[in-house]
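In the two complexes below, subunit A is the common chain; its partner is subunit B in one and subunit C in the other.
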Partner chain A sequence: MKHDKTSPAFFVLVVMLVLMSTGPILMMVLTSLRLNVDIMSDTSSLIFMPTLRNYETVLCNALWYTPEHLGRCDKTFGRALGNSLLVSVTATALTLVIGCMAAYALVRFRFLGRDVVSFSTLILRMIPPAVLLVPVFGIWTYQFGLDGTLSGLVLVYVAMNLPFVIWILQSFIRQVPIQLEEAARIDGAGPFAVFFLVVLPLIRPGLAAAAIFTFRIAWNEFLLGNALTDRGTRTVPVTIVNRLTEYDIDWGVIMATGMLLAVPPIIFTLVASRQIITGMTAGAVKG
Partner chain B sequence: MSASAFNRATPYIFLLPAAVVLAIALMYPVGYMVWASFLNWNPSQRIGEAEFVGLANYARLLSDMQFRESLTVTLAFAASVVSIELVLGVGLAMLLDRKIRGMSVLRTLFILPMMIAPIVVGLMWRYMYHPTVGIFNRTLKAIGLEPVPWLSDPGWAFVSVVIADVWQWTPFIFILSLAALQSLPSSTMEAARVDGATRFQTILYVKLPLMMPVLIVTALLRMIDAFKVLEVILVLTNGGPGLSTEILALRISRTASEFRELGQAAAMSNVLLLLLMALTAVMFVYSKFTEMRSRRQVA
Partner chain C sequence: MPKITLAGVTKRFGALEVLPPLDLDLADGEFTVLVGPSGCGKSTTLRMLAGLETISGGEIFFDGRPVGALEPKDRDIAMVFQDYALYPHMNIARNMSFALRLAKTPASEIEKRVKLVADMLNISHLLHRKPSELSGGQRQRVAMGRALVRDASTFLFDEPLSNLDAKLRGKMRTELAEMRGKLHKNMIYVTHDQVEAMTLGDRIVVMSEGRIQQQGSPEELFKKPANMFVAGFIGSPSMNFITAVLEGRGQETFAISPGLCVPVPSSAAEAAGGREIVVGVRPSSIHLEHPRGIPIELRVVVSEYLGAQTVVAARTPDGTEVLVEIASGRRFCAGEAIIMQIVPEDILLFSKESGLRI
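This part shows the complex of A and B:
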């Protein structure tokens, strides 16, 4: 590949853009490594002794040793981290299995009501969590008895993500050559075998994109998590907001909490940015 | 069951789990909400015990100044962020549309802000906007200027939440328009150059018109998302000071949890839903329209 020559001005522009987009994140990392006394002091210096104390405070019940600086261990966050992981992983797995079956049916079979189904998927995509807040709270509490449970949260997240996942996977399944499936069918494979053994392996990039998007939404969601959980089942975003309303904010600890919440999405982005971008562009360009 | 009947049932079997989940956890709640918007309902009641009040909730919305205020804030917020992000994102895509080493690294860094939890984005910006220890006021003070009341003055608070959203979402428009730019036929660019078009003319008369379909869909997608923004603003200002940053989604959540008027909140949700549905319908019709036109051109 031939590369264009870059002028110094262009180079400066690129460096500035990178600084602007990653600056706030770096600032969060730095803040999470300082003590609150240090943060609130008048002298702002970039030179300071980094410390992991804030992380120890946050994760105290998950550590194998007891941090010396802590009088009492606040277990809230450790528990919330476990809840968040469990909810997001389960929701992602379920959404993928259910979603790709539906997407496959919509692409490969002609059947009654197909257009209605794909149109309503599109419409359902835009329902915001704020709109679901009232009805989901009412139904989960009074009819399903799912309030305060993690499975209630998983159910909402699966439903919220399904339309998007179906939509994204459709565009990937469309690219699978139908001849492959026909060949498998002639060799005697049933519809389920064709789906699981031929189609699924071929759309792995699409599955990766869909998985990342679903995980991200379930992992980051606050509003419904706040309405549907109780003390024992709170997720990380809910604990962060709860701590923010306290009068005296300990910035070091809260930034450490924020970092722990931000790390999984950041890792996914660094590992699979190509899939994410494909998913994003497929979403807009093939509207 | 015979083999052929099984084959005929296959699509429905594949669709069944998705249909069941969507029906009980998405369509049923939305229907429930439409019904709830006609009730005078508070959170300690079962829905059956709530009193039917007809259109009273909607009538109250019409005369509710605070609701009207938050509708205005929502529209102003969506319009500002989408137009700023479009100009910046498309502009940057034009500037960076060349083959340079490390482009994929650059794109990876640019999508980071979108992937991080909105709660955390709010957190970062709230710290940076902090009146005394935040980086903005520290810098202003260091160069001898007056500190700015980022989050405590109504006007500045609105600007502040717009800046945070622009930071988070401009990369989305940038990446989509870069993809659109790079998929333009190189023969057209070649022809423009042969005809003596300047760089600026090429952008204005060739590239932009060709990118238009993608840009419009992108703008609509961003618009839909801008109506859903909640967490960043919740963490930054919680709607204040006053009602200056109280967007509709926040108003709904407060009406439900603080004022405990679920019927009223449901009526507001309905208004928001109608707005979003209108936008989605526009997007759908537009993409069908361009699809038809391009098909006709090919034929």
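This part shows the complex of A and C:
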């Protein structure tokens, strides 16, 4: 029996898998381009008049013109997108800054309890966010008064992501030959110059990986976001769910929001993953 | 250029003392080589001088100024590392100028100095490449260039040639020796290779187990080794040691071993402090013929033809291995019994107990 001819069943299986994974996305794209009348019509077909109205509705307060079909601009989605971006970018930046310094200290400095700290960062990672929900809500609301603020949300996301980021960056920092740091110290670099001019450029791939990870989690997070935000500070995932009311579900707008929700992480991942290149330390030391 | 003094410097890791108290004076403008087998503490000493390793006791002085607590950057030193330690994310020009840029040197000055050193080391054409695009020898040059650009008062070398192949090592050694003449700086060079030590050093410090065994010029170490360790370490092939028994015959004393009888001055016999003594003979001090030679009875095991020289590995009747280095010409057969002559002036005597030269 010849093996060089692939069985048709294999192709069927592959096509099915592709449909299963891209189907929902495809449906989301198609729905977001339809008017509600088309979405709700019984004769749902692939033939319809595509429109950007739903996107206009979502982004009405960011547009330079006022869409004709809207009587009143509902700013909820636009605001939520802004909130999401602000929270995710700030949380990612803060996590990276704190994470790389903490990881560096854990790898290079000898101090009492270093191993305990290093291990407990991983243990913290094992706690599901749902467990944190109630205590965090209590503390944020009654002690810090951070409920309903974006900074409260940023704080939670930084705390949630730091353990993993520290852990992942530790392994990258370990790969930086210690001789490079010594050479830099001899060349006249103080501790900060060593860190910023020698170590940081070399762990860029690690920083990129950690950034992608943190950004996606902060961007998608719903549970804590739902509990800690109010009307003005809701993020996109929370807003979408709040839109599903028992009186009215505007599918077109929700799907358009979903699409807009999917775009930033894709762009972010594409940009950040370009930094993930191997062999950063090639040529530094022999062997 | 500072005069460097190590006063009772020690290094401990926890309870483990890796370097017992060490005293060393390094004169101004000297090329000092610290040499010894691996684990003898030479690299630790260098790293303490550099400030990369803290000192557990004692003090280091540069021109009488204590520097033990200073950061490396405050010691005015440059260092070449064994495995190059080039910054992989910077090109060669930026690697070389890193220290100058940190010191906020004007750009025109940086460019001038990098160019000068690059020309000297023949790496001008590599300035825009990354370290990963360079061969081992080129990387080593860059590592040296990075140190030389600094114009520091003291240069430290930590086995800089040990990662290169034999031919390249020889070439770089010559270049280093040439450079030494031009620079007139304090240079402290660590190596385990005694050939490097002998060819480069104004002064050699032989270390073993954290202790200085002897220091002096290459010639002093070769001709007047303080003890058996130095005698065996310096010189290639290394010195032969034959254990002999002291015996008085009439007025004279002899060190007698099967196949060998060496007259020993009475003062040396007393200093030996026991019945046994060690006779040290360099392979190059044994000849086929010598008018006043002391005969030694040998049986050839194997002979290695090295071109101009032949190294003969032989055994005395009691089985002690003896290496002989003679000019090529005569061929030897394995198992051949032969009587050779030792140059009497070249014989060194060591105490069997202490290992010290008598």
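The rule is short, and it goes like this: the second predicted complex is superposed on the first by the 246 of 287 C-alpha atoms of A that agree within 3 Å, B and C clash if a C-alpha of one lies under 4 Å from a C-alpha of the other, contacts with A are read in each partner's own complex, and residues count from 1 in each chain.
Assume a contact is a pair of C-beta atoms (placed from the backbone, for glycine too) under 8 Å apart; a residue touches a chain by one contact, two chains touch by 3 or more.
These numbers were taken from a predicted model, which means no experiment stands behind them.
Q: Could you figure out whether subunit B or subunit C reaches more residues of subunit A?
A: On the superposition, B touches more of the residues of subunit A.
Q: Of the two partner chains, subunit B (first) and subunit C (second), which one does A:Thr22 touch, if any: first, second, both, or neither?
A: After superposing on A, A:Thr22 lies in contact with subunit B but is clear of subunit C.
Q: Applying the document's definition of touch, where does A:Pro201 land relative to subunit B and subunit C: first, second, both, or neither?
A: Touch partner of A:Pro201: subunit C, not subunit B.
Q: After lining up the shared chain so the two structures overlap, which partner does A:Arg216 touch, if you call subunit B first and subunit C second: first, second, both or neither?
A: So A:Arg216 only meets subunit B here.
Q: With the two structures laid over each other on chain A, which partner does A:Thr281 touch: subunit B (first), subunit C (second), both, or neither?
A: So A:Thr281 meets both subunit B and subunit C here.
Q: Report for A:Ala184: first if it touches subunit B alone, second if subunit C alone, otherwise both or neither.
A: Only subunit C is touched by A:Ala184; subunit B is not.
Q: Figure out whether A:Leu132 sits in contact with subunit B (first) or subunit C (second), or with both, or with neither.
A: After superposition on chain A, A:Leu132 lies in contact with subunit B alone.
Q: Residue overlap on subunit A between the subunit B contact set and the subunit C contact set?
A: Dual-contact residues (subunit A): 280-281, 283-285, 287.
Q: Which residues of subunit C touch subunit A in the complex?
A: It comes out as residues 50-52, 71-73, 77-79, 81-89, 98-99, 102-103, 130-134, 136, 139, 146, 150, 163.
Q: Give every residue of subunit A touching subunit B within the complex, in rising order.
A: Where subunit A meets subunit B, its residues are 1-4, 6, 10, 13-14, 17-18, 20-22, 24-25, 27-28, 31, 39-40, 44, 97-99, 101-102, 104-106, 108-109, 111, 117, 119, 122-139, 142, 155-156, 158-160, 162-163, 166, 191, 195, 216, 219-220, 222-223, 227, 237, 240-241, 244, 251, 254-255, 258, 261-262, 265-266, 268-270, 273-274, 276-277, 280-281, 283-285, 287.
Q: Could you pull out which subunit B residues touch subunit A in their complex?
A: Interface residues on the subunit B side: 7, 10-12, 14-15, 17-19, 21-22, 24-30, 32-33, 36, 43, 46-47, 92, 95-96, 98-101, 104, 106-113, 115-121, 123-128, 133, 135, 138, 167, 171-172, 175-176, 179-180, 214, 217-218, 221, 224, 227-228, 230-231, 234-235, 248-250, 252-253, 256-257, 262, 265-266, 269, 272-273, 276-277, 279-280, 283-284, 287.
Q: For subunit A, which residues count as touching subunit C in their complex?
A: 177, 179-180, 182-190, 193, 197-198, 201-202, 279-287
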